[in-house]
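Naming follows writing order (A, B, C and D), and every chain is counted from residue 1.
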Amino acid sequence: MTLNLEAVSTLLSDLDSTRPAREDLYEHFHRTPELSMQEDETSARIRAELEAAGVDVRPVGRTGLVAVIENGAGPVVAMRGDIDGLPVREVSGKPYASTATQVNEATGEETPVAHACGHDFHIMGLLGACLAFQQHRDAWQGTFIGVFQPAEETAAGARDMVESGIAEAMPKPDVYLGQHVLASVPGGAVATTAGPVLSAAASIRVVVHGKGSHGSMPELGVDPVVLASAIVMRLQTIVSREVAARETAVVTVGAIHAGTKSNIIPASAELLINTRAYNSDVEKHIHEAIERIIRQECAAARSPQDPEFTYYDAYPLTDNNVDVTAAVRGAFDAYFGEKSLDLTPVPASEDFSIIPDALGVPYTYWGIGGFADMANAPGNHNPAFAPDLQPTLDLGVQAAVVAAAAWLTTKDT
Amino acid sequence: MTLNLEAVSTLLSDLDSTRPAREDLYEHFHRTPELSMQEDETSARIRAELEAAGVDVRPVGRTGLVAVIENGAGPVVAMRGDIDGLPVREVSGKPYASTATQVNEATGEETPVAHACGHDFHIMGLLGACLAFQQHRDAWQGTFIGVFQPAEETAAGARDMVESGIAEAMPKPDVYLGQHVLASVPGGAVATTAGPVLSAAASIRVVVHGKGSHGSMPELGVDPVVLASAIVMRLQTIVSREVAARETAVVTVGAIHAGTKSNIIPASAELLINTRAYNSDVEKHIHEAIERIIRQECAAARSPQDPEFTYYDAYPLTDNNVDVTAAVRGAFDAYFGEKSLDLTPVPASEDFSIIPDALGVPYTYWGIGGFADMANAPGNHNPAFAPDLQPTLDLGVQAAVVAAAAWLTTKDT
Amino acid sequence: MTLNLEAVSTLLSDLDSTRPAREDLYEHFHRTPELSMQEDETSARIRAELEAAGVDVRPVGRTGLVAVIENGAGPVVAMRGDIDGLPVREVSGKPYASTATQVNEATGEETPVAHACGHDFHIMGLLGACLAFQQHRDAWQGTFIGVFQPAEETAAGARDMVESGIAEAMPKPDVYLGQHVLASVPGGAVATTAGPVLSAAASIRVVVHGKGSHGSMPELGVDPVVLASAIVMRLQTIVSREVAARETAVVTVGAIHAGTKSNIIPASAELLINTRAYNSDVEKHIHEAIERIIRQECAAARSPQDPEFTYYDAYPLTDNNVDVTAAVRGAFDAYFGEKSLDLTPVPASEDFSIIPDALGVPYTYWGIGGFADMANAPGNHNPAFAPDLQPTLDLGVQAAVVAAAAWLTTKDT
Amino acid sequence: MTLNLEAVSTLLSDLDSTRPAREDLYEHFHRTPELSMQEDETSARIRAELEAAGVDVRPVGRTGLVAVIENGAGPVVAMRGDIDGLPVREVSGKPYASTATQVNEATGEETPVAHACGHDFHIMGLLGACLAFQQHRDAWQGTFIGVFQPAEETAAGARDMVESGIAEAMPKPDVYLGQHVLASVPGGAVATTAGPVLSAAASIRVVVHGKGSHGSMPELGVDPVVLASAIVMRLQTIVSREVAARETAVVTVGAIHAGTKSNIIPASAELLINTRAYNSDVEKHIHEAIERIIRQECAAARSPQDPEFTYYDAYPLTDNNVDVTAAVRGAFDAYFGEKSLDLTPVPASEDFSIIPDALGVPYTYWGIGGFADMANAPGNHNPAFAPDLQPTLDLGVQAAVVAAAAWLTTKDT
């Protein structure tokens, strides 16, 4: 496949004329962020923008949207943009900084909200691509699908769209694309890599049971503080002994809690464990090892009750397909030239791959730069995170269109 | 010294006639318990009872009292009764059960209060002895001092009386006595032992410092969860390896706390440690070992800041003087016969010895039984703890008088 | 029972006249020590001495002897003397120091041998008592039995005599007595105590299985070094958490061995564990805890094979019967006066109790002093250990006769 | 640089005619392996072969050789072949299998010896290249140097040549090359990679000091078994917490030894530790962390004496120069076509880089395949390791000549 640069040029020909309106819309989204699975206004506005342009939009779940633009025979390319904000008080200093608050429906608590992970750029990039493909049908052939996904931050949104029937809501894609604005990619650049690019991650809440006793009579109890400590020490051996040195794996016990008084042996202890891996087999082994070690340590301690394991915030591996990535990279090299870079994998996680994996579709996920001043760029989720408005806003549209064009414009070459 | 049983008989000759009034007064104290260092009403009532009988009462600190009954040349015997209640909701089912509440002056919170440790019996025993010595001066010679001590439960009361000038408030005693109603002594019996009878105890709050980091990047931080766990495992070796097997020593980590989220490595961890020993050298070694181990484990972990140690709730060793105990035991054997038993040391602690140690006076501390049905007797501090009214109430007076009489009535033999 | 001092005087009336011959015989035994279960010459000489005096001697096993002296109706008192030496090169400097060597039949190796535990005094004390009871039949009534026991040092001798039919070789005793020369008892004194006086002890050889691998690929193996280390750390919690602080218990891992090269993960690790307790329930709990912890730690480590436990050198608790000890103490007080002392329990072990426990007979075991200069006395098993010849030699006979006389001479009182 | 394939063809034109003699010589070397630093016969034979062809050979150290073939102005290319065997009894089943034994000069013990790591192929490859360059001087220009290096297996040979003056024995090379026959590369193929290809490795013998005591009195000693176990558990945290998850690092405790008897607490413990890293900073951090943890754990245990660290068998990182590797890869791609593969880094180590690092020369190190049946190929050092005679023997010459030709034949392009 070779990129049809002429067709791309046509597709992107409205960038200049739409810029003021796009910047206004971006600032609107930035000022009105919404919490995960509560993106009602955001979703409604996206839908309104698309429908105003005549795009066929289909809701999937409470706030998810699928925009389907069919344009004759040819490849089916889906691209995802995530739309939720974070419970963070923005301190970016931008004139359009968020001061919004929202009541978390799960907890009933009001919280500040901000687009501290740049999802507003993802909305704008995907929206811009939808409009480009909708409005320049002569420049391409096939089907372009925009998947506006809720709740990436809680790992719930992609699952919700799968369970709400995304498979029935759109034609089956040939490829599935995604992008993220990153502080680690130079401003104005795009960056790709094949293979594992974001780690699989999961959290486990573990409760181990001892038996309470007065602190002076440990022999009448089972000490859960000693038990939990022995577990923490033993868990270190998973990474040091059970995983190959060349694999990337992390087992962190981020929290440990037991007891309230010095002289009372408590009845239980709680551990919050987080795991990371770049390989599904490794992740599976880590989880089995955690459960094995904890169960056996409990037995060694005469624990009177089985330990309890509650998995949460489980993110899958993001493992970019070699061929899909090569196609996108080729298109990026052709369009962006020396601004098309290699992406270094980082130990963050995403729920991006859940939809393509559920559909059996190969995917790739790339980064776009957000800061001209990389040295001082705050990281994603930092309350000060707010990428440069431009060229980031245009870049998000360009990257989306160019990547999809690797499949949708090649009829002409 | 041989007990003058005739004199004792005279001293205790009012037991029957005073019983109804003493039972009423006991129930009054049981219904109106007060928190440590807040025993204002209790102290006022004790003082009123003593002064009504013409006893010279001297306040020491906010609620402490010293009752001095001088009766010519002879030994000076002081005896202590502790007077505070506990922040416990009584569930004994007794008709005179406490339903009292009190605002804790330190925290501002209202809490239920109960005499769940039997200090009301200690008040009544010592009050009865004071009145017996006051009203039967022909039967004895010397000086009897009643020390009504606040705040045993918080280890603050004896120190408060020392700091408030108890040494100046009374003649220097030759011996110092104390008693406690215990679920582990048969109802109606008294029990003594020489040597260590109650353990030294102390609590230590330890904060160890790590360095926070994202859970996926432990190499950028110092993990305080792993550090705290290594410390807990290493602390086990104090008892298992550093203290002689024949010594009695306990090191309990009653609480461990660090972190709030699975994927954030926190910046510090807190441990609450409790220690017990029956030997001051052993206690000193244990504390040195705890500090040594924690400091070195912090260094092993690259901890960026020294650990912090805060000692609290320090109770001294109660180490009964051999000669004083033998004298009391002799008197008990003579008066109680087969109801005079050996006391088995238990790993509880008291602030009883602080006053005699401060004064340089030998002491002994014995137990009196509280329950006819020992098998079902709830332990001290249990919300259901409420000893049988009789014979416990009389026994407390008898034991106090008989023990003191070992010194104060021997002139006649 | 009251000691008949006149009868005792008669029984011991030959002490002066026999002293030179007894000293010669002692030096003979001291110069010709023999290893455990190889005491052929020692046993033959004891038998010859007894038979020369007309005593009925019955061999039990290869080197054990039972000397039965029946003297009419009355109590049956058995006393044990252990007869084996140690594989030690004596450095006492005594003129009669051992220079003997012997081939260990089990290993085929020649080793120096010495009576570094004083069993030669035990032989002489029991032999002297046998001759006293044989030659002064008019002074006592009943039956005295001398049990000359092999192989105390390997915990094999008492079991051997039980298995070789000691029950059939002699009348069933009413009491069973034993004594040991100790560096911790003042020279010339005897010392008794009721209850646990010597600890139960046992050794356990444990092999835990890992799976060998190259040191750079731990994920292909199961690391037995880490497994063994986790076990050692966890075993500390038995004493620190599972045994009451007032109990005396020791769990020592005296040896740990695994691997030969830094870069090869070995296939197994070996631990040699020693346990001590003064209470059979505690010992049983310790052994169960050791097995529990090791089995579960192996499971936590994915050990491919069950751990192996081999118990050896198991010594039972020596728990002196209260009544038997009181009788001996009464006789000692009467005869030795202020040289009759309390014995402090020490964490050593003996196979003494195996025979009386097998026979269902109450027992007591006491110490006799060996050194006028206690401050410089070498401990038992020290190569320099060699008690003062006198008064130790006479004391051993006196203590044996006096103790047995508590039962055998009381007919006259 | 582009490979001059015509020149290469000339250089390799004798492969067919020399094959029978080369196979004979290979079998000779295979049958007569010699231990590290004792390769006297091997070295003598190589020298004789070279000198018979008129090559200038210079001994460096006892058995090292430098063969210098100067051929006018141009690049200086050095290539290394290691020549020592292993103390292994060959079980390959080959007709030319080694049955040789040799007395190890260091230990005095006779041991079987075999070329179980394929160094005989390395000799033959380098020898063949020397002869090719010597005999076809018209086809190339510059200088080719063969470095026949002893004692790779003990990490001593390259250091010995540096210390024996290799820098003075030859012109300074522009590049330094090396190859190894590997079971992990397909038979008949060559494989390269830039960057870290073999790990840095080091071994550390650690002695930690406790204080001996009887097993029943741990309080009188310092238990080195518990100390060593705590160290092993803590060392796991280096890889699990102190090294970034994406780095490759291994810390293995391959051996732990302390004590001989269950009831004696020994005075010290020994650990043999092996480390691996692909990054010099990581290796340095690991070594600092090991020393830090062990020193602090000793202090936590009251160790009476500093721990001792003895580093041995230190292998440097083999970090292939990007440009040199690219040149070799280009030549291999041109000559071998699809038999030129990527090499996957493996956690083995080499002393190859010591000489170029000492000389300040960029280097690359590649693998050549040895087995047509890769699935059943025994690994290097396995007693059954014996690569297929052909095409391996020819391949070794071809790869050496082609790689060097990347610099030495480019004059013609």
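The definition used in the following text is that contacts are C-beta pairs under 8 Å (C-beta built on N, C-alpha and C of every residue); 3 or more make two chains touch, one makes a residue touch a chain.
To keep track of the chains, here are their UniProt names: A, B, C, D = Hydrolase YxeP.
These numbers come from a predicted model, not from an experiment.
Shared contacts of chain C and chain D, meaning chains that touch the two of them, come down to A, B. Counted by C-beta pairs in contact, the busier of B-C and B-D is B-D.
Taking each chain's centre as the mean of its CA atoms, B is the chain most distant from chain D.
Work out the mean CA point of chain A and of chain B, and you get 60 Å between them. Chain B and chain D have CA centres that are 72 Å apart.
Each chain gets one centre point, the mean of its Cα atoms, and the points for chain B and chain C are 44 Å apart. Residue positions of chain B touching 2 or more other chains, listed in rising order: 216-218, 223, 226, 230, 233, 236-237, 240-241, 245, 250, 276, 347. Here chain A touches chain D in the complex through residues 233, 236-241, 245-246, 248-251, 276, 345, 347, going by the rule given at the top. The touching residues of chain D, counted against chain B in their complex, run 216-219, 223, 226, 230, 233-234, 237, 240-245, 292-293, 296-297, 299-302.
Within the complex formed with chain A, the residues of chain B that make contact are 199, 201, 203-205, 214-218, 223, 225-226, 228-233, 236, 250, 252-266, 269, 272-274, 276, 313, 347-348.
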